[in-house]
Amino acid sequence: MHGMTSIVKTVARIVVGVIFLYGVYIITHGHLTPGGGFAVGAVIAGAFILLVLAFGSDVLKLKVREAGSSTFESISILAFLLLAVGALFIGTHVFFQNYLPKGKVGELISAGVIPLYNIAVGVEVAAALVTIFLALVIYKEEVK
Amino acid sequence: METILAIIIGFMIIGALFALHAKDLLSALIACGIVGYGLVICFLLLKAPDLAIVQIVVETITLIIMVAVVLDSSRRELKEKASIRVKGISYVNTRYVVNIIAVILFTALLLFFFSESIDVLAPFGQHATRMSTAYIEHAADQTGSANLVTGVVFDFRGYDTMGEATILFTAVIGILTILRIKGKEK
Amino acid sequence: MESLIVLYIILPLGAAFLIPLIGRFVRFFAGMISALVFLGLTALSIVYISAYHSETIRYAVGGWQVTNGIPIAIYLVLDGFSGIILVMINLVAFFAVVYSFSYLQKYTAKNNFYALLCLMVAGMNGVVLTGDLFNLYVFMEIAAIASYALVAFGVEKEELEASFKYQVLGGMASLFILLGIALVYWTTSTLNMADASRILQTFAGYRIVIFIQLLFIAGFGMKSALVPFHAWLPDAHSSAPSPISSMLSGVLIKAIGIYVLIRLFFTVFSITYEIALTITVLGVLSMLIGGVLAIGQWDYKRLLAYSSISQVGYIFIGLGIGCW
Amino acid sequence: MTLYILCFALFLTGLYGVLTKRNIIKIVIGLSVMEFSIFLFLALIGYTNNGDAPILVNGKEQLLFVDPLPQAMVLTAIVIGLATNAMLLAIAIRIYRKYGTFDVRKINQLKG
């Protein structure tokens, strides 16, 4: 896959950092402001897709990245499940109970497990979208 | 408010019809984008900022993937013609005309049945909450989340969200399975 | 003992999430863990049937209590009927895994096969156990998407075509069902099945209820290969790997089609004469057409698929007559 | 009520596309239009006149909110729609490479 012109590359290099920063902002404030795990996942995946489209890459490198992102995905969704299962052993022993202290409404560290779920889902969605995109690109490159 | 929404939905219907009838697949995709982004504006008007954010990014990524699929194909669609030509004389293609009449009749029938059957339900803007009354009243003190949608998605109905993350995982495994180069070992 | 009910979801999902991570390094991990999970769940279902056959177990996920007389949590419900279906799902899945050990020799990407099978079983278990309409949709989609990918597992021409047909019809069916669920929410403002049935009683005989019921018949009829909507089953059945064929017509069309329809029509809606007649007529058609079309088949898998369609017809006749 | 009927008309437009079009990409577009109409439908159901977006803001007195439950349902359904679309497109690209066309009339190895 070929990259694009140096104008696109330069702009992409600057913009990607801003997009990541925006993603991190929404994910940490997911329980306070609009947005949350899904939006962030898609935003970060968009940044990755921008990088791949702008700079281009050979198939071998893309394959390494695909393996990495699918591993990330499995780990993060497993973390989500473990967070939910953890409720079976803590507190009142009910599946999906919010077992951490709730804190004060409107503060950054509040709402118990919700921010953790948010982060797990965010990473999962981002990794999933990146894997889907890379799988399509690799298939198109390998089978002509 | 209702008029603006009605106009936007009207545009979305026109966009959808254009997308389904465009000759070039790329312009069909762009027209499909009209429907998707019109939906974003509707979400904003309907006081659903979470949905607007998610829809706008998801729509963009879907468009990128769809364009990537379409871009190196021939992009042309084989059309069914309204008239056929046999030995220099042109006849009206009866199958085409019958199709159009059937579609119009069926649509009118379904729309009529739908509009007749929904007249007992709550009109637009006068929705009465039942299950979500508790979600609205107790979200702040029982989940600690200031964003009620996040509270519902991750706490009251976190089980649904786990299912949804699982669906994305399933789709990824499925796509990796479908797009592997060799299906069988020789 | 009641709280073990969540294992039906956790164990297959956990296995499916672990397989891509560990299966790469340990050779027989995928097959062994899925066989163990399904065997364990079969045993658990048998214990449930024998110990709790006359009572219903309810489990509120998240521990949310009933407030102002309205259930707000997602409930998992296990009664005698769902217990039997659970035994069936997990037992057939166990045998499918045991058979795949040798069947999969010629295929690549074995780990993905087992992961998808685990996800499909998790989806079906979730559908059978849930007492919540939207949750039903979510888990139905897990099972459906896993089965789309499994039908195309061989990635040859026929498999891809069958999977595409199945996806389009299945996707349409899912959207009909989602529209039906949205209409139920509009009518009742609740998603809990027991609560919704209480409110729908005040709407008995209205056209909106008939509309919702028709949407559900169309949607779940497509999922269970009832006759006007049966086109996908023979193709999918004959193209899929053999273990998946057995899962498809053995449990998938029953668990996410017929079981849900029975659950909805016997517990949530009150049935009018016309709807019961519609179901019965569709069942008779399905029985006849499935049987007649089976005569001309020379491929054994297609023959069996048409036989399944015919059997689905018998089940629907029973459902229709039982509703009167 | 007009809004709901328009929304159902959008649903029927998508259904018409799925049932009559013979091109894989057009079928995918039809399915996504049907999806969009249902998302809109759910969002319309949850709207309350003069209601606020369901977010608590410190120091502001809010009494009436839009129903958050349909919004949560749409949030879930959007991602499900993305997953189904991606699966369909993966199959579509593979079919295109095998047959050289998106036309379903030319893709008929299986009979019946």
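All chains are identified by letter, namely A, B, C and D, in their written order; residue positions are counted from 1 within each chain.
Keep this in mind: contacts are C-beta pairs under 8 Å (C-beta built on N, C-alpha and C of every residue); 3 or more make two chains touch, one makes a residue touch a chain.
What you see is a predicted model; the values in this text were computed from it and never measured.
**Student:** Return the chains common to the contact lists of chain A and chain B.
**Tutor:** The shared contacts of chain A and chain B, listed by label, come to C, D.
**Student:** Counting C-beta pairs in contact, which two chains come out on top?
**Tutor:** Most contacting pair of chains: B-D.
**Student:** In whole angstrom, what separates the CA-based centres of chain A and chain C?
**Tutor:** Once rounded, the distance between the two centres reads 30 Å.
**Student:** Distance between chain B and chain C based on Cα centroids, please, to the nearest Å.
**Tutor:** Going by mean C-alpha positions, chain B sits 24 Å from chain C.
**Student:** Indicate the residues of chain B shared as contacts by at least two other chains.
**Tutor:** Residues 49-50, 54, 58, 61, 65, 69, 114, 118, 127, 129, 131-132, 135, 140, 146-147, 149, 151, 153, 155, 157-164, 166-171, 174-176, 178-179 of chain B each touch two or more of the other chains.
**Student:** Using the touch rule from the top of the page, what residues of chain C touch 2 or more other chains?
**Tutor:** 13, 17, 20, 61-62, 134, 138, 141, 145, 148-149, 152, 155, 160, 163, 186, 191, in rising order.
**Student:** Scan chain D for residues touching two or more other chains and write them down.
**Tutor:** Chain D, residues with two or more chain partners: 45, 53, 55-56, 58, 69, 75-76, 78-80, 83-84, 86-87, 89-94.
**Student:** Could you draw the chains as nodes, link the ones that touch, and say if you get a line, ring, star, complete or other?
**Tutor:** Contact pattern: complete, every chain touching every other.
**Student:** Quick one: in the complex, what on chain B touches chain D?
**Tutor:** Within the complex, chain B touches chain D at residues 2, 5-6, 9-10, 12-13, 16-17, 19-20, 25, 28-29, 32, 35-36, 39, 42-43, 46-51, 54-55, 58, 61-62, 65-66, 69-70, 73-74, 77-78, 80, 99, 103, 107, 110-111, 114-115, 118-119, 123-127, 129, 131-132, 135-136, 139-140, 146-149, 151-153, 157, 160-161, 163-164, 167-168, 170-171, 174-175, 178-179.
**Student:** Under the touch definition given earlier, write down the residues of chain A that touch chain C in their complex.
**Tutor:** 70-71, 74-75, 77-78, 81, 85, 88, 92-98
**Student:** Give the list of chain D residues in touch with chain B in this complex.
**Tutor:** That would be residues 1-10, 12-14, 16-17, 20-23, 25-26, 28-30, 32-33, 36, 39-40, 43-49, 51-58, 65-69, 71-72, 74-76, 78-80, 82-87, 89-94, 96, 101-103, 105 of chain D.
**Student:** Which of the residues in chain B end up touching chain A in this complex?
**Tutor:** 49-50, 52-54, 57-58, 60-61, 64-65, 68-69, 72, 140-147, 149-151, 153-155, 158-159, 161-162, 165-166, 168-169, 171-172, 175-176, 179, 181
**Student:** Sort out for me which residues of chain A touch chain B in the complex.
**Tutor:** Within the complex, chain A touches chain B at residues 26, 30-39, 42-43, 45-46, 49, 70, 73-74, 77, 80-81, 84, 95-96, 98, 102-106, 110-114, 117-118, 121, 124-125, 128-129, 131-133, 135-140, 142-143.
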